[in-house]
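Next up: some structures, all given as structure tokens.
Shared chain: subunit A. Partners: subunit B in the first complex, subunit C in the second.
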Partner chain A sequence: MTFVYKGYGGSYLRVNLTTRQINKFPLANEWVENFLGGNGIGTKILWDEVPEIASPLGPDNKLIIATGPLCGSPMPNSGRVEFIAKSPLTGIYGDANAGGQFGPELKSAGYDVIIFEGQSDEPVYLDIHDDDVALRSAEELWGLGTFEAEARLQAIHKDSRLKTALIGPAGENLVRFAGIQVSYRRSAARCGLGAVMGSKKLKGVAVRGTKGIAFSCPQELEELSLEMHKKLRQNEFFAGIHQFGTSGLVALMQPIGRFPTQNFRLGHFEGFEAISGEVLREEHLVKDIACFNCPLGCDKMYSVISGEFAGCRISSVEYETLNALGARVCNRNLPALLKANEICDDLGLDTISAGNTIAFAMELADFGIWNANELNGLDLSWGNYHSILQLLHDMAYRQGFLGDLLADGAARAAKWLGRNADRYAMHVKGQDIPAQDGRAQQSMGLAHVTSSRGADHLKAFPTIDETGYPSEAVRRYGDQYLPELVDPLATKYKAMLVKDGEDFGAVVDSSGNCKSGGTFVMAEIYWQEQADAIAAATGMLMTSRNLRCIGERIYNLQRCYNAIHGITSADDVLPWRFTQAPSPSGNARGSVCRLDLMLPDYYAARGWNPEDGLPTQATLQRLGLDQAWKYMQQIINSGKAKIIRSQLGWAEPYTKKMVEQE
Partner chain B sequence: MITVTVKLFNLLAIYAGIKTQSFDLAEGITIKQLLERMVHEYPAPFKDMIYHHEKINPHLRIFLNEHLLNESELDAALSDGDKLMLFPAIAGG
Partner chain C sequence: MKRLVIYPELCSGCSACEVFCSLHHEGKVNPELSRIHVIKDEAHAAFLPVVCVSCKNKACLAACPEQGAIYINHLGMTVIEETLCTGCSKCAQACEIHAIRFFKQSGRGKWGKAFCFKCDLCAGDPICVKACPQGALAVKDIADDGEAAQNLYEQLRQECTRIIEWLDERSLVKNRRAV
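Our next item is the complex of A and B:
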């Protein structure tokens, strides 16, 4: 079948690592018509090809790398690439997304998707130079950090423009929150997909693409893109985000009470100024940098020039990392925090899960739950940054009892340990909770439990109610939902906000543009603009209505995938701290996250069964997913789903009433 | 006389050239009046962050003792020891 649309590379690679066979196929028209690209196509392939019984670290799991129709286009912030697989951290649907330049380069070589299947018996990397595609030995790269491995590959190929997606030692050692590092120094961090690569002995992908991308209506796309670039630069949020990136949020989150501190005991961090975006820029900025075709340039290169951590050089120091390796573990030492970020990126660890897992370990130490001989001499007092750095290293290499245990993540470590450790593992569906306290922003609490990849802010990415921007809300939803929609502590209309964000987010992640610039935080690009851009790029008949349907279809299929792993409404829960212990911080003081009020609205808005929280037959039929409904029912009714659920491996989130101990 | 501490963040601190300032104020002064005074004390670009079409910029975020204020609360009188935090338009993460 000929692929008929423009704006795509037009073909995909299927790479069998067991047999070393590489096959090239035209992209399927029905894939892009129903699932668009990136996240959507990855979800479709995962559903079709990775069965519920497949082990995340076994040969039957597949790693899918996918770009979308706007990746590499003139549209602003169009450098995103998706990685999709069954997650070794959660055991359910998993994905991770990164910016940088890898995605556009892959597309320019002519490929939208790579499917890796099977397992190699020795380390390899996939070498792509336009039509020349080969698996090559990665013996000399195995064991290297991602920084050196990238440089070595560029040297081997004598090409400094080579773009890579690589794992470090953490992925090789099957750390369940190992990420994938993408050129230049961007992380597809979440869900432990680096460990999927490690299990396949796949060190990475090196790509050079020189073909370029042909668009259906290049002039129309160019005009639309220019208008979007202009609007972004005029947007009220542009200057502040350009100056500080996401690190500028550290200070703002203090009075809101949304800055997880001491493993979420608090929502504010005394002395936060020491790790704020303002200090980061003043004391450590080398230069502003940007991902592919991004006018915003929220990325920065930083360095440490003196003191114990002199020589540290690191980019993409995000709000999430400043929290996870800062406040969450009570670390006020910014150079040490930058060093921790550098270690994570080089060894290939997700900074969010790494920080959350260390915070879990520190809280256990605080309550005397560890036996002294288990700590290998480490002092796990809050804020001990030498121990933090040592633990990152130990986890990446699975060294010692503690490193090996924590390399499985807080939720699994809690299960292995027992001793009531589950009370201190802050996770949803095995996924570490990122830096949004749902007590301070109700919509974020809901977003964490409804996210298809476990706790996550980026699936729904509700931002208009962080501090409440009525003008932004009116632009998207009119004034009918004000004032509740923008009140961070209100629960009314938050189900609608989260559902819309998830559907639109699925489309953005399937298109190849970015959630941080223009699609969510700066609300210039929404359904209509995205549909117009896709139509101009591809020649597809695309309306905002079609696009909404695609977003909903993708998100529902992810829920179905989780359902065949036994996930139900019983798993849409937050740990006790968020629903039982009133926030002690700032604007959120006294507040708890009211999932009980929001979830029924959410299931209703989705057309999901209010009892089990699963998509109904009518909903899936409306989305053209009849076969998915049948298969889901078959697996659930056979009892298989329950068995798989019981083997996911993580401790259940502790949800009973608890009182904070001093 | 009362003393009020103001903390400025992000672009506001850059344009004002200062991160924290204490103000000795007459009793009864409101938040809006203090903003007006700051606009006169700090360099010109600061004003554009505070006002939009002669009204308080709707993207400005003001916290009084960690309580997020809406526009109707800006006419409230300040008290001795109050702490204000001011942010320009930022969101995300």
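Our next item is the complex of A and C:
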């Protein structure tokens, strides 16, 4: 069977780390026709090949690296690569996505997908130079931070254009929120997929591709892409994003009470200016840099020149990090925050989960829940940045009682501890909640609970009601849903917004372009434009209707995968703080997240059973997933799903009403 | 005459120029086959787009041993007739800013997959200028004897040498041509 479409590398690698066997196959037509690429193909492989009983850190889990048809294409910001595996953090479906240049390089070598299976007994890395693919010893790289490991690999291969995807000590030490660092210094951070690599003794992948990527209609694609580049540059939000990247959000989220502070107690941070995008740029910018073929360039290189943290050099300092290692833990010291970011990137930690876990630990300290001997002399008062830096290090190396415990993430640490610690673990399905607050933006609260990888903003990525700009909303959905659709505190139409975002997001993550540019943050590229680009790139007959169907299929299959791990509507919950404790901040003052109003709408829009929140037979049949329905029923009815659910290992989010002890 | 002007300090290293150039000229995206090339030292966030700036000296012309394989076209742009190029790479070596690229897969000559290629200014309307989001590239109509272009060449040459030396010292390149 030969692969018939253009725009892809055209083949995939199956690398068995136990037997050291590497096999190359043509990409399956059926995969790309039904699941497109990246996220979709990864989901399909996970569903087919990683059973519900597989342990995330065992040999039966697989790590799938996948790009899509627009990765490496001329379409703007087309540098994204997906990593998919069962998550060691949540125990359910997991994925992480990164920009940089790794994805396009891999495709240029001729590969769309790599499937890693089994476990090596010695550290190895996969070396790809076009057709030459080999597993090589990573003995001398094991233990190194990602910065040095990348430089070392480039020196070994004498090639500064070598692109890598690497884990740091955190992944090696099986920290459950270890990320994967991709050239150049971009993170596929969430879901702890770095620990999956660590469990396989796979330090990383080094790739050099010189074959290039051919397209079905190159001229058409060139014109369409150039037009999209121009539209992005002319968009009203371009200047702000170009200048500040996501860090510009700090100042925007503060007044609407959506800037999580002190482990989500508050939605505003006294003195937020000190960690704002404006100060960051003014005091620390070295240079504007960009991912592959990206006109936005939200990435920046920053440095600290003087003071205690002089010498710190760090790129892509995101809003999420400024919050998680800043406001969330009440840290106002920007140089220390940059240092914390540097440690996370180098040692390979997800900044969101790392910050959220430290916030959890600090809140426990605040309420006197730790025993004195457990802290090893560490002062966990809010904002103590020396302790934050120490904890990051301790978690990455699983050092000491506290480091080892917290390396499993807040939700697991809470379960192990007992002592009512579950009340302060801010997570959904084991995944740490990112820097939004469902009380201040209802759609984000819904997005956090319906996300297939646990609490996450990027699955649905509802941005148009964030700050209430109607222009983008009208362009995408018409004016029929105004004013509620753009009102962050309104619940009406938010189920529709979240569902549409999840489906479109699944398609974007399967295509290989970026959700931060054009597809979500600036609403220039939507179903039609995306379909046109995919058609021109691949030669597939692609309409926006086809594409919507693919998006829905991918998202439903992810839900099915979670369902065979016992996930149901009972897990679609937010911790008490979001639903029981009215927000004390900004525009959101007095508001709680009304999941009770939005979730029924959401299940209905999805064609899912309103009782258990699972896809119905009719829905899955419509999407061509009949087999998935049968398998799901079998696992649920046999009671297996329930047993697996009971062994996922994290504490249930605490959802009952609580009086704030302040 | 029309010339490409480069402002290296504005370059973000996104490679959009390489993407569009290779697509436009070769029908596929492959930075290896791009006529414009971004030399990168990522650790220092130093990005240097290099492309023919129509310098005054034109060492490439003198270096070519083949009759007519490299000539000056009606726009005043030095161009390589790829069907006549034998892939000896002497012109590429003569250009100290790496604006002439050498691509070798097997054998010699374009159809043998070893040839030199360079910017042809896209008939006066370069695609890389349209693609660059940073304004690091511009096309300018300059009526002079090439003095300004020679100065730009000199500036690029120095920066080029500096970056390559740095990479070479850390053994990050196989040789100083392979950047």
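Everything that follows uses one rule, which is that the second predicted complex is superposed on the first by the 662 of 662 C-alpha atoms of A that agree within 3 Å, B and C clash if a C-alpha of one lies under 4 Å from a C-alpha of the other, contacts with A are read in each partner's own complex, and residues count from 1 in each chain.
By our rule, a contact is a pair of C-beta atoms (placed from the backbone, for glycine too) under 8 Å apart; a residue touches a chain by one contact, two chains touch by 3 or more.
All of these numbers come straight from a predicted model, not from anything done at the bench.
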{"item": "Subunit C versus subunit B on the shared subunit A, clash or fit after superposition", "value": "fit"}
{"item": "Touching partner for A:33 - first (subunit B), second (subunit C), both, neither", "value": "neither"}
{"item": "Arrangement angle, subunit B at one end, subunit C at the other, subunit A at the vertex (C-alpha, nearest 10°)", "value": "80"}
{"item": "Partner chain in contact with A:366 - subunit B first, subunit C second, else both or neither", "value": "neither"}
{"item": "First (subunit B), second (subunit C), both or neither touched by A:73", "value": "second"}
{"item": "First (subunit B), second (subunit C), both or neither touched by A:130", "value": "neither"}
{"item": "Touched partner set for A:652, first subunit B, second subunit C, both or neither", "value": "neither"}
{"item": "Touched partner set for A:301, first subunit B, second subunit C, both or neither", "value": "second"}
{"item": "Which superposed partner A:290 touches (first subunit B, second subunit C, both, neither)", "value": "second"}
{"item": "Partner chain(s) touched by A:148 [first = subunit B, second = subunit C, both, neither]", "value": "neither"}
{"item": "Touched partner set for A:60, first subunit B, second subunit C, both or neither", "value": "neither"}
{"item": "Minimum C-alpha separation between subunit B and subunit C after superposing on chain A, in Å", "value": "17"}
{"item": "Parts of subunit C lying in touch with subunit A, wherever the complex brings them together", "value": "12-16, 19-20, 22-24, 26-33, 40-43, 45, 47, 127, 130-131, 133-134, 167, 170-174, 178-179"}
{"item": "List of subunit B residues in touch with subunit A within their complex", "value": "9-11, 13-14, 19, 58-59, 61, 63, 66-68, 70, 85, 87-93"}
{"item": "In the complex with subunit C, residue positions of subunit A that touch it", "value": "72-74, 101, 104, 108, 151, 154-155, 158-161, 183-184, 210-215, 218, 221-222, 225-226, 229, 233, 286-297, 301, 315"}
{"item": "Complex interface listing, subunit A residues touching subunit B", "value": "236-237, 239-241, 243-244, 246, 248-249, 251-252, 254-257, 268, 276-278, 318-320, 435-436, 457, 463-464, 466-471, 488, 516, 520-521, 585-587, 589"}
